[in-house]
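Going by the order they are written in, the chains are A, B, C, D, E and F; count residues from 1 in each one.
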Amino acid sequence: MDDHSVSRFGHVELEDFPDDVRERIAPIAEKSGFVPNVFRTLALRPRELRAFLDYHDALMDPGGDAGPRAADEPDDGLSKAERELIVVATSAANNCTYCVVAHGAILRIRTKDPEIADKVAANPYAVELSDRERTIVDLALQIATESATLTDADLDRAREAGLTDDEIWDIGAITALFAMSNRMAHLTAMQPNPEFYLMGRK
Amino acid sequence: MDDHSVSRFGHVELEDFPDDVRERIAPIAEKSGFVPNVFRTLALRPRELRAFLDYHDALMDPGGDAGPRAADEPDDGLSKAERELIVVATSAANNCTYCVVAHGAILRIRTKDPEIADKVAANPYAVELSDRERTIVDLALQIATESATLTDADLDRAREAGLTDDEIWDIGAITALFAMSNRMAHLTAMQPNPEFYLMGRK
Amino acid sequence: MDDHSVSRFGHVELEDFPDDVRERIAPIAEKSGFVPNVFRTLALRPRELRAFLDYHDALMDPGGDAGPRAADEPDDGLSKAERELIVVATSAANNCTYCVVAHGAILRIRTKDPEIADKVAANPYAVELSDRERTIVDLALQIATESATLTDADLDRAREAGLTDDEIWDIGAITALFAMSNRMAHLTAMQPNPEFYLMGRK
Amino acid sequence: MDDHSVSRFGHVELEDFPDDVRERIAPIAEKSGFVPNVFRTLALRPRELRAFLDYHDALMDPGGDAGPRAADEPDDGLSKAERELIVVATSAANNCTYCVVAHGAILRIRTKDPEIADKVAANPYAVELSDRERTIVDLALQIATESATLTDADLDRAREAGLTDDEIWDIGAITALFAMSNRMAHLTAMQPNPEFYLMGRK
Amino acid sequence: MDDHSVSRFGHVELEDFPDDVRERIAPIAEKSGFVPNVFRTLALRPRELRAFLDYHDALMDPGGDAGPRAADEPDDGLSKAERELIVVATSAANNCTYCVVAHGAILRIRTKDPEIADKVAANPYAVELSDRERTIVDLALQIATESATLTDADLDRAREAGLTDDEIWDIGAITALFAMSNRMAHLTAMQPNPEFYLMGRK
Amino acid sequence: MDDHSVSRFGHVELEDFPDDVRERIAPIAEKSGFVPNVFRTLALRPRELRAFLDYHDALMDPGGDAGPRAADEPDDGLSKAERELIVVATSAANNCTYCVVAHGAILRIRTKDPEIADKVAANPYAVELSDRERTIVDLALQIATESATLTDADLDRAREAGLTDDEIWDIGAITALFAMSNRMAHLTAMQPNPEFYLMGRK
């Protein structure tokens, strides 16, 4: 545990992952050209990494590698860019370096906007957004930082602004998932891979 | 979605759960005599419920129904009572009614102390605990409420108080998992089952 | 001062109270079957205990043992249950174990609702209440935690929700009295009597 | 209740006070040349005013008009100036105009220092004080603003700095009493008498 | 640097100021009868003092000693008393003793109201003000304590209450300037001159 | 004032600046290839811009264009990179987009480290730094966010960590200057020039 370049608890290289997890991460690593450090860190605890991946795919990539949604799960309307916007905004409110840098890169790619991630990260409270995005971010920030105050009135306001109940669940669930991730990144002093800093900037 | 007795998003009854999840929850329900509302609520999104159960078992019941720990996962020393103590303390700091009431009941049972849960819930910051418990709770509260400030010095203090790195990971990971659960309970206005209020009190 | 079972400053047994105070507390002790620890602690300072009892009776039991209200004091409409609701909600916001546990017991008895106290204690900010109760609790929480921001506009909102000026005074005065009690309980590390934990739960 | 010059709930003139209270306040009014508005406001509720006066005298004027301390009450060492210092510091932390202005005047008189009250009021956290005064104020501020965090370790630190347990109780009890008074002043929008602003300034 | 009577970094006497600065401060000193300690402290760094004076004059004394406003600068409507009100309110929110005491004195003189400064200093959040003054102070307090949350909606509210864009700029710029001054006063432990405590009180 | 691309109050183009200011900014614009928006915004108020430039040069570029330091000003040891580190850390704590993005670019250039700015911006509280840098940033953050608590003990700790009094003054003064700048950027909704996002990243 002396190498803190990935996390303060050390890390596991992809070739040493359990087979099922390695097979799941390999295509991601191949596509991006590197193994994101969140996987190399959480691989210290494979059971937790598997649960994290399942949760992540269900919320961030609902139609993705983990297979199509089950028939009994509602389809919903948050775009992938909106999902990343929630992650960057709430991770910024939580001062989580790994998630801000890594998901900031993905947000730049999803939006094709090289400035949006830095703007959201610096000031999620007042960054200029569309009305729909502002409604999404405001609800996410409330759940990230003071969820105990959430009332029916807050949800009604989101509904009046056009969000469906499934979108509201997704906003809350993504915020909740990264409330967890942000704390794991802080616990482990997880370092962003150098590649993330430049992705989507040109 | 008009029945808010379990959550503001409605709920699913056990018989309508997907087979694999029902088979997993049934023994718990049988043993306790009721289906905890967290399962009936999260069953609205089976993929998320499965991931939640996997995460929960890996951290709260490491040798339990989900099978023995994998060979590459370290054994650690947090007792089940200490794990519940972390949940009650951090859920209290987050003002999460469902988790305080439900895990307070489990904490009473695990400790055979009918007063401890109410004391931890009312004031996790200064409730009288053993030195080891206080170290655990202080670290958990920091990660629950201001994880961005966590430094090597904080972890060193925990180590000097006798905690191993695996215990520290567990404290952080349990706190992180319930940072997520607390927010899901707030999002859904999840109601504790009536049975929880009385368990372990006599 | 070595016995911290009641408070960290020790305590006085009922038989050692000054006569006038003993005569005042005895009927309460007889009725409930025990001497609440707040009296055994504050009896270390009889003058302060007398003033506390007078203040308490004037606000929590206006027609009670301390005699009927004086002719020049307005009658008001807060029920005894509403008064206890204010105590539990603001003591929870202040993380006061003694007051949450002891007055939680009284609230259960007054409301005949075995769940209400734990719900209010866990999350006073969003516990589901009637509109009148929510108005009362919101005003009480503002006075408990940020009274400097109170303006005529806040009081007008309470009046529009149906509260009279006497009720508003009572809400503020009860909150103020327990701002004091909560701090005395924290100062003395006052322990709730074991009996309180079970009262009104069946 | 249309005259808000004393409080937003109106007030009572000294001649209309109940006899026992008037006889108690009259000598104070005679000596200072005016009836402090706290009495004219709380006289709207005589039972509460009596309790407040009893509490106040027990803590702020232990050997005063209310007679000598009872034999079973410990003598203690806080000077009257130190008691006022606690009131001004904690009332400033609570942003209570009435108590800062009125007790600031008394503090100037007790200390014969025309600057101390404004300095304590502007910044109780770092105003330059003697070591003993700083210990007193730090403990009082903790109890005023975050009493739930108070532990044996905090009290031990105060003891090591030379405070007795009776002094510690007094510090906590005075802070608690003014936690109440500050909230009553905010509730009633109590106005300081004009005379207070100039007292002790020459 | 052993004399802390003016600041913890020492100070410079007027006769030792650089000529250009001395000539600028001399008339102020002559008029008030003393050299305000802010100048004696900042004179330790003449370049910074010059910039501070230029900024101060541009915002607090736009038509004053520094000469008339340039033709391309908009005239605006904040009175000198309103400018001082902003300084006292925001310096109070920042707990800055020097600025509260010194500018409180100037506010008393500008308003000819001997009570206003102490009231604003004790509780800027709810001190009774005219509607225009309350709008000004609310905007200033938001910029002083949580400027990151400022949105177009906040400015629109100020405009609807009758403020022009130039007045809004001035409110923000004065608040910003004293965000700087307050921190310099805290850094240097700057002491108010004794004369300020009494000015404008009779 | 309808063009919000630079600020919500509009802006002035370099060719329309007053001559003296244009001559001062032109070399900066030429060197970097664009006119930083802070100048185009503050040029709406030339007197304020001049004072800002003077203050900025005195603290951020003490030996720069504004000429050598005066003989009576102490030389000090903060490197230019350390000065920018203070700006980025405190501007991040204040959630100021303009200053984080613009000075983050300069910090990358001064340190030749393409990651440091994003790391400091995301979490100034726990970013890994050298001991000297951590001492500098901790002191700066205290002055940025809670300067009222600053005591001699805090400064002594900084001195024991090796900082001179001149360096401490510079840390405080730079933090104070950007407490002002951050608020001006929030007031005006100042937008970073697109060039800043990419500078120093390769």
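Methods note: a residue touches a chain if its C-beta (ideal position, glycine included) is under 8 Å from a C-beta of that chain, and two chains touch if they have at least 3 such contacts.
The model shown is predicted, which means the values in this text are computed figures rather than measured ones.
A.B. asks: Once the contact rule is applied, which chains count as partners of both chain B and chain E?
C.D. replies: Common contact partners of chain B and chain E, which must touch each of the two, are A, C, D, F.
A.B. asks: Any idea how many Å lie between the Cα centroids of chain A and chain E?
C.D. replies: A distance of 45 Å separates the two centres.
A.B. asks: Nearest whole angstrom, what separates the Cα centre of chain B from the Cα centre of chain C?
C.D. replies: 31
A.B. asks: With chain centres defined as C-alpha means, what is the inter-centre distance between chain E and chain F in Å?
C.D. replies: 22
A.B. asks: Residues of chain A touching 2+ other chains?
C.D. replies: 95-96, 123, 125-126, 148, 150, 186, 189
A.B. asks: For this structure, enumerate the chain pairs that meet the touch criterion.
C.D. replies: Touching chain pairs, listed by label, come out as A-B, A-C, A-E, A-F, B-C, B-D, B-F, C-D, C-E, D-E, D-F, E-F.
A.B. asks: For the complex, which residues does chain D have touching chain F?
C.D. replies: Touching chain F from chain D are residues 123, 125-126.
A.B. asks: Of all residues in chain B, which touch chain F in the complex?
C.D. replies: 148-151
A.B. asks: Which chain C residues qualify as touching chain D in the complex?
C.D. replies: The contact residues of chain C facing chain D are 1, 8-9, 18, 44-48, 50-52, 54-55, 57-59, 66, 69-70, 72-73, 94-96, 143-144, 147-148, 150, 152, 155, 165, 168-169, 172-173, 175-177, 179-184, 186-189.
A.B. asks: For the complex, which residues does chain C have touching chain B?
C.D. replies: Checking each residue of chain C against chain B gives 92, 95-97, 100-101, 114-115, 118-119, 121-128, 186, 189, 192, 194, 197-198, 201-202.
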